[in-house]
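Heads up, the next two complexes both have subunit A, just with different partners, subunit B and then subunit C.
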Partner chain A sequence: MKIQGKTEYKATSNACKLCSPLGASLVFRGIENCVPLLHGSQGCSTYIRRYLISHFNEPVDIASSNFTEETAVFGGAANLKLAMDNIIEQYHPDLIGVATTCLSETIGDDVPLILRDYIRDNRNGDNTAIVPVSTPSYSGTHIDGFHGAVRATVDAIAEKKNRAGMNINIFPGMMSPADHRHLKEILSDFGVGYHMLPDYSQTLDGPMWSEYQKIQEGGTPIKQIASMGDASASIEIGRILSETKSAGKLLAERFEVPCHNLGLPIGIKETDAFFDAVSTITGKPMPEKYSEERGRLVDAYVDGHKYVFEARAVLYGEEDLVVGLASFLSEIGVIPVLCASGGKSGHLKGKLCQVVDEFDAKGIEVLDGVDLVEIGDVAKEISPDFFIGSSKGYKIAREMSKPLIRIGFPIHDRMGGARIVHIGYRGAQQLFDIISNTILAARQDASPVGYAYM
Partner chain B sequence: MELMPKEKTAEETDFRKDIDPQGVKKEIMDKYPPKVARKRSKQFIVNKKVDEENYEEIQANVRTIPGIISQRGCCYAGCKGVVMGPTRDIINLTHGPIGCGFYSWLTRRNQTDPSTTPDHDNFMTYCFSTDMQDREIVFGGEKKLKAAIQEAYDIFKPKMISVFSTCPVGLIGDDVHAVSREMEEKLGITIFGFSCEGYKGVSQSAGHHVANNGLFMHVIGKDDTVQEGEYKVNLLGEYNIGGDGFEIDRVLNACGIKIISTFSGNSSVDHFANSHTSDLNLVMCHRSINYVADMMEQKFGIPWIKINFIGARATSDSLRKIAQYYGDQKLIDRVEEVIAKEMAPVEKAQAEIRPRLEGKVAMMFVGGSRAHHYQELFSEMGMKTLAAGYEFAHRDDYEGRHVLPRVKVDADSRNIDELEIHKDPERYHPRIDEKELEAEERHGIMLKAYEGMMADMEEGSSFSIDDISQYETEKMIELYKPDIFCAGVKEKYMVQKQGVPMKQLHSYDSGGPYAAYKGAVNFYHEIDRMINTKVWSYIRAPWEKNPELAAMYANE
Partner chain C sequence: MGGISILKEREKQIYQKGTQPFDMSCEKKSLAGSISQRACVFCGSRVVLYPIADALHLIHGPIGCASYTWDIRGALSSGPQLHRMSFSTDLQEQDIIFGGEKKLYNALVTLIDKYSPNAAFIYATCIVGIIGDDIDSVCRRVSKEKGIPVLPVHSEGFKGTKKDGYKAACDAMAKLVGTGPTEGISPLSLNIMGEFNIAGEAWTIREYYERMGLEVVSVFTGDGRVDNIKRSHGAALNVVQCSGSMMHLAETMNEKYGIPYKRVSYFGLEDMSKALYDVAEHFEGSPEVMEKAQVLVREEINAIYPTLKRYKEKLRGKKAAIYVGGAFKAFSMIKALKSLGMDVVLAGSQTGNSDDYKLLRNMCDDGTVIVDDANPLELSKYSIEKGVELFIGGVKERPIAYKLGIGFCDHNHERKLSLAGYSGMLNFAREVYSSVTSPVWQFAPARKSS
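Up next, the complex of A and B:
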């Protein structure tokens, strides 16, 4: 299908991406006893907190070096050091993750240098680990901040001490806390040791407190990050990520830890690939529990395929999420007629071709570096059956009276964004049911008769 | 949700009386490094009168200490998000990297009704940004800004475009004002820029001031059409969150009072442009909008009075105040009729919920006026506010405007322009006797007067806490175990995790309206459900497991 109404816009309207310090903050919230610190104006930390909090429904503390006009002129070193002092004194963290902002990057603050000074001046009495990461919000998107923080953390902390034992490093990328939890469950069921970075399964989806927690419990322990150089292998999730300077590549280059790059395990095909990789590394077969889950999923596909087959979806989000979902949608017979992302790695279309069968024949439109107005323009031309992506697509979905299935980030108009399982056979099962039921409900509502029986 | 009124034992309700507030303050300050403690203790006050007129001084509108997690936002947030955000027919264009625009994308739940302006324009569901990239940081972003303005004009043909500067803009030297002037000339619509870079000032308060200045210079007074109507007012500092403004409009309409413009809930550029033709300015959120009120008085001779439509009693008091200001018997009678009619269902609701809420304790830390206004609403439910504070207010919002001459203006505030306003040679005409304007009093109503929050709080046993930190919040909850805590989404879950009901008073969770009469009834029922829901029976707060925690600070 040839899309007519595509306009080249100058401004970005209703962006389909967030800024890079948000991604970095999210990673640091997935490290045990870690406080994220944004080096910039306090607005950055407040805005990013309010966004993360409204999605996860959990407290998210992010400190700031609170630039004033004076700081912007004379540099942020004094503010950053003072912020470090106060965080250490109040929180006694194991790690402080320092992410920059467009403000400190524009004035050219040399954060690693300031932090070296800080340590040299013996102000880091607790010997708190410090990880700086450069996240100017005028470069890339939140996903670049996310992967940048993972790599910076590994770069600063991972070592090789020739410790014995089988361990897998796993870099899951930006998934839901429930996804992180599911990954850990799978690896535990394989009976293999693992170090997952980040791991916000508990910090961003935790229970009620029995006593006040300054920093929420959970997250990857620093010790585990330190021993990543000794792991038997790394699994890095994200087909787009595999094209970048990733943490997994760093470990491969520096410590010769072999790195397996996989797609997001959404749907049967990509989940099979994930289990195959774990089996290859560990030499163990897929645990029975998961063969059963897989069996039930195939059974559900058989039962439900007639309802979803040839439905047409508009899909948007981070590039890796889009690739993973497109793979899943096409295996259940849904055509992802528009695959769009605010990210612009240059690899989106290529990766989609790898995971979607008969990609060219399906007339799939791929748009990268776009916003939701552009997505809406194209969506109006192709009139899909449903949208699938974050809450930010609601405006278009409402205008077109089409259902929006909320997945990914941010979800701030529904409960449970943190609890959505996207990955594994279990995640595919849930997504399959939601998609089938959304389509059934739309047909039922549109029917003049309104049958209450499939 | 099923209600399960929880009987509090006498012991439980009495324990707060035994706590020494000064001891609590000392305990909290002791944990800070000495320098931080010195500064914070000036912002952490046990409310107390020092003489007939004055309360103990609170330090406010000062810098937040780096590394102390605060709930404050930035100058850009105050300008774009708060004041300019709720106007439906302005294209608000953020000049900067993508984050700032994205994070201020209708997050405050401001409602608007486009059917009331002829063109039905509504751009509020959009978020426009120049999405600056590396190349603009290096080579300048003016070219892209111009192109974005042109594009917005071509697509939407708006009446007005405003441009918001984010942090890097000021640093790389982009002149948003020059670009705006150039494009205004070219396109023939109102276009102007705001220098609201995030690092300016100490909080979003600086941004309110910048926004007030921009509105006053570029929009207010552009349309001299005099509209029909007897009692013409502007409502200042009402942002129509959760539909508050709609409910206030309903009540004012019933009284025969005509709103020319609201700043800025449910507003249109046209309303702003015409707002200088009204008789009176009603100031709701003093902090965010008092600049416009003062400037309109100086330039056009429009007096302002402070009102509050949060709480049924406060609404009635405010209506009576307006009627008395006009001194017109017809209006006075009409207002009394409206109050009598509106209060009947309110009193019925009060009778229903009060037995379950009487004596309960609230804490609230919100913005620049709600922490004061909502105390009225809670007191109507028989509840007491034990601690309250603002994120970004100034001393006058706590202690009252009479302290203004004594407020020290520091370097951070001096960075924000104070406009010099003169009487408009043609359009200045005092709405009331010049003598009344000068005496700042008419018919016994004080003009330009705001008593501040402390005047409404119990002396000796309640706290005013400015820019409360995460740590102080945690300690206050632990020590006083409030029955409800009100703040924003950033504090919401850390409060709820401790088993304390939490009401969001920035954007109201998904609720509202809470203003005026129907809003009050909504609020009573919601707070009743929140405090008495069965959900709390499934959990035990930390101190219920650990009773010595509660006793520890008593009688110190």
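Up next, the complex of A and C:
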């Protein structure tokens, strides 16, 4: 092939995205007694483990089928089967989640076929289910791997057996373990049964062990996933996700479970929408505890409104996180002057217009499919008051001597990324205080007087 | 500990001293499904070349390999910071179908124009060969057009182990060596190899050699510069630490330029001092080098010894586990821990060879478990069985230790604490002490039940 000299392709510099097998691994770590297995080179598993461990500070075991040169030439079936044999022998899992990689996809391994063979030969015995998901790293980002794994799991396991009782399926998307825990708390307080997939509130934010745990306790039980076809409704979180072939849609199509697509419940408006949906499905009002939390939050918004008014923020992250954050920032008077994502669904701007009042008048710049060097270049022109996003924005925030408010994933340079509550009135309260205080601290530090009163 | 069983295929890679004849197997591909702590060929190349600060490091492949290695090492530079950027061709589906050469070419040219590096390393990831990209020819073309060395690194993840990645990195650097001027280099000179300037360690070591009257021509690769590598064949001696990663280049330079090499380690008082004495011995024609080395060692040890002694009193008799990348580091760790009065009861590495493990066996006490290419289950099993109180490893081992109520010391390339040299030994002792004797363990359930 003749190479042309003109620049039509660019490199990605300091990416604002990760590869799709990471997202799939995260989901499988949120299923009870499940081991993720990446079908590819050893490095994929190890790098992803290291990346996740540095954020969650929890053991994250991810197996690899460990390709060799021979595997790449002759196909990965034997390695994949051997890997599953060894995982079953060592871990006795209820589920193995098999995610592909760029390598296995490029050589054309037919993973579903290999797994069917494996199951037909009963090598998995009676106790281990196997779910394949296609996650080539050259397609989409980690969030696509995440949603792909949720959908693949539901596709493989959910059934309809006309079981009685009120249950809600909930697909929370990529949040912190503390967010998952808060969602469960809300649903429990409503007194409604629920099946949440994934649920890494314990597996990736657990206590110390009194004795060794091969696979950390917690996660969505397989039985619950199986009964998702009998639920009264599904709640699926993510306005961008609502545009894709999602697990909620699959359940709606296959088992007629109605699906409520909601935005990430960050801030009052999106959290109200979430509580409304749960009330609609259950016929129950918002529990008192949350009306009180909401009341305190509104009170705090008023107390602090002048400090944050028309502060200019640069936000970046997964597209759904950016939409949720933009909704929250707009409702407190902060202008999200640059909304950026490494993802590129094509829906980012449209969804932002839905959640940000007077979007066009605010002069908000929206960039999708960008990296952190491009975000930094635009940010330098905009001169924001603060950045909000993962720890990977630290370099540009530091260069501009602006504060970075760390939220989302990953947070590799601070403690407690797993414990940040982003969602619900409680999450908004914490975010509001952090943002107000960040702005106040910057003003105080810059003041020649340095008052100890506001 | 009956609860954790070992895979049959893994049994030969685990040895307990004193219980069976020594017949340990190693240097094998990791077992599929075993959850090895190893990474891949790409990782080996990337860690070795990473600290070269004025070179462009472009990773040719889908985005993951670049994302996961962005700013990953604590390797400091005294000047340019280009090595701390992450560059990827970020291959997409259409590139997989139609090939990625065009994209590589354009990405490379654009980045070289923007950042003006003194050389560029192009890392091949898993799928590059499979989609048929000829990165060598793209590198040759860009090198010609831009007038800088553009070096392909054949680091496809599945083509071997991390060690093969070290070799690919050495092969790429070998193309730079010998292309620069050597005038003015002192006959009392050396290259520091296998020292990556984590937290400024290479600066510490360089200063020791300079105090001995020796000129350091190039550090491979800590605080590395392309021009220094180019003229490194003018040095009189190669001093090789982390021998797994750099021996290949040292041997190449020995064959091609007749430069002898010495293997050393800079961790712990014993090995640090031995390194300086060994190097001084090499320059025996200039006896003042040895005299200066003796003064240096005496001064440095005197300065830290009283503090070390205090730590030792607190750490005496505590049991330690070591699991690191290269076995050579494990040797130094065993000596350093012994000098703090501690007992090593579990030791292992990702990439040791049979000579390494024989030496490890000879250094260890009876009952010590030695593991090659271990996994989390094995490390947990033996940590529990042996009553380990301190684990020395990397990020992937840390949560295992903590969950089990075991203190931890990070000795991997991500750390931000200097552990080399005499000052590093003091940091090491302080680090071990601060974890092992922290009051937080009183709340750890695993410790309460034991």
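Just so it is clear, the second predicted complex is superposed on the first by the 443 of 454 C-alpha atoms of A that agree within 3 Å, B and C clash if a C-alpha of one lies under 4 Å from a C-alpha of the other, contacts with A are read in each partner's own complex, and residues count from 1 in each chain.
One rule holds for everything that comes next: contacts are C-beta pairs under 8 Å (C-beta built on N, C-alpha and C of every residue); 3 or more make two chains touch, one makes a residue touch a chain.
The shown structure was predicted, so the numbers you read here are calculated from the model rather than taken from an experiment.
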Do subunit B and subunit C fit side by side on subunit A after the overlay, or clash? clash
Considering only touches as defined above, state whether A:V131 meets subunit B (first), subunit C (second), both or neither. neither
In the superposed arrangement, which partner chain does A:I237 touch: subunit B (first), subunit C (second), both, or neither? neither
Give one of first, second, both or neither to describe whether A:I423 is in contact with subunit B, with subunit C, with both, or with none. neither
List the residues of subunit A that touch subunit B in one complex and subunit C in the other. 9-15, 17-19, 21-22, 37, 40-51, 53-54, 57-59, 61-69, 71-72, 79-80, 82-87, 89-90, 101-103, 106-107, 136-139, 141, 208-214, 373, 395
Would you tell me which residues of subunit A are touching subunit B in their complex? 9-15, 17-19, 21-22, 37, 40-51, 53-54, 57-59, 61-72, 79-80, 82-87, 89-90, 101-103, 105-107, 136-139, 141, 206, 208-214, 373, 395
Note: in the complex, subunit C contacts subunit A through residues 1, 3-5, 7, 9, 29-43, 58, 61-71, 85-93, 95-96, 99, 101-103, 105-111, 125-127, 130-131, 138, 141, 157-161, 376-377, 380-381, 384, 395-396, 398-400, 402-405, 444-446, 448-449
Name, in rising order, each residue of subunit A that touches subunit C in their complex. 1, 3-4, 6-15, 17-19, 21-22, 37, 40-51, 53-54, 57-69, 71-72, 79-80, 82-87, 89-90, 101-103, 106-107, 136-139, 141, 207-214, 373, 392, 395
Which positions of subunit B touch subunit A when the two form their complex? 31, 33, 36, 63-77, 93, 96-105, 107, 125-134, 136-137, 144, 147-148, 150-152, 166-168, 170-172, 197-200, 202-204, 411-412, 415, 470-471, 474, 478, 488-494, 497-499, 539-540, 542, 545-546
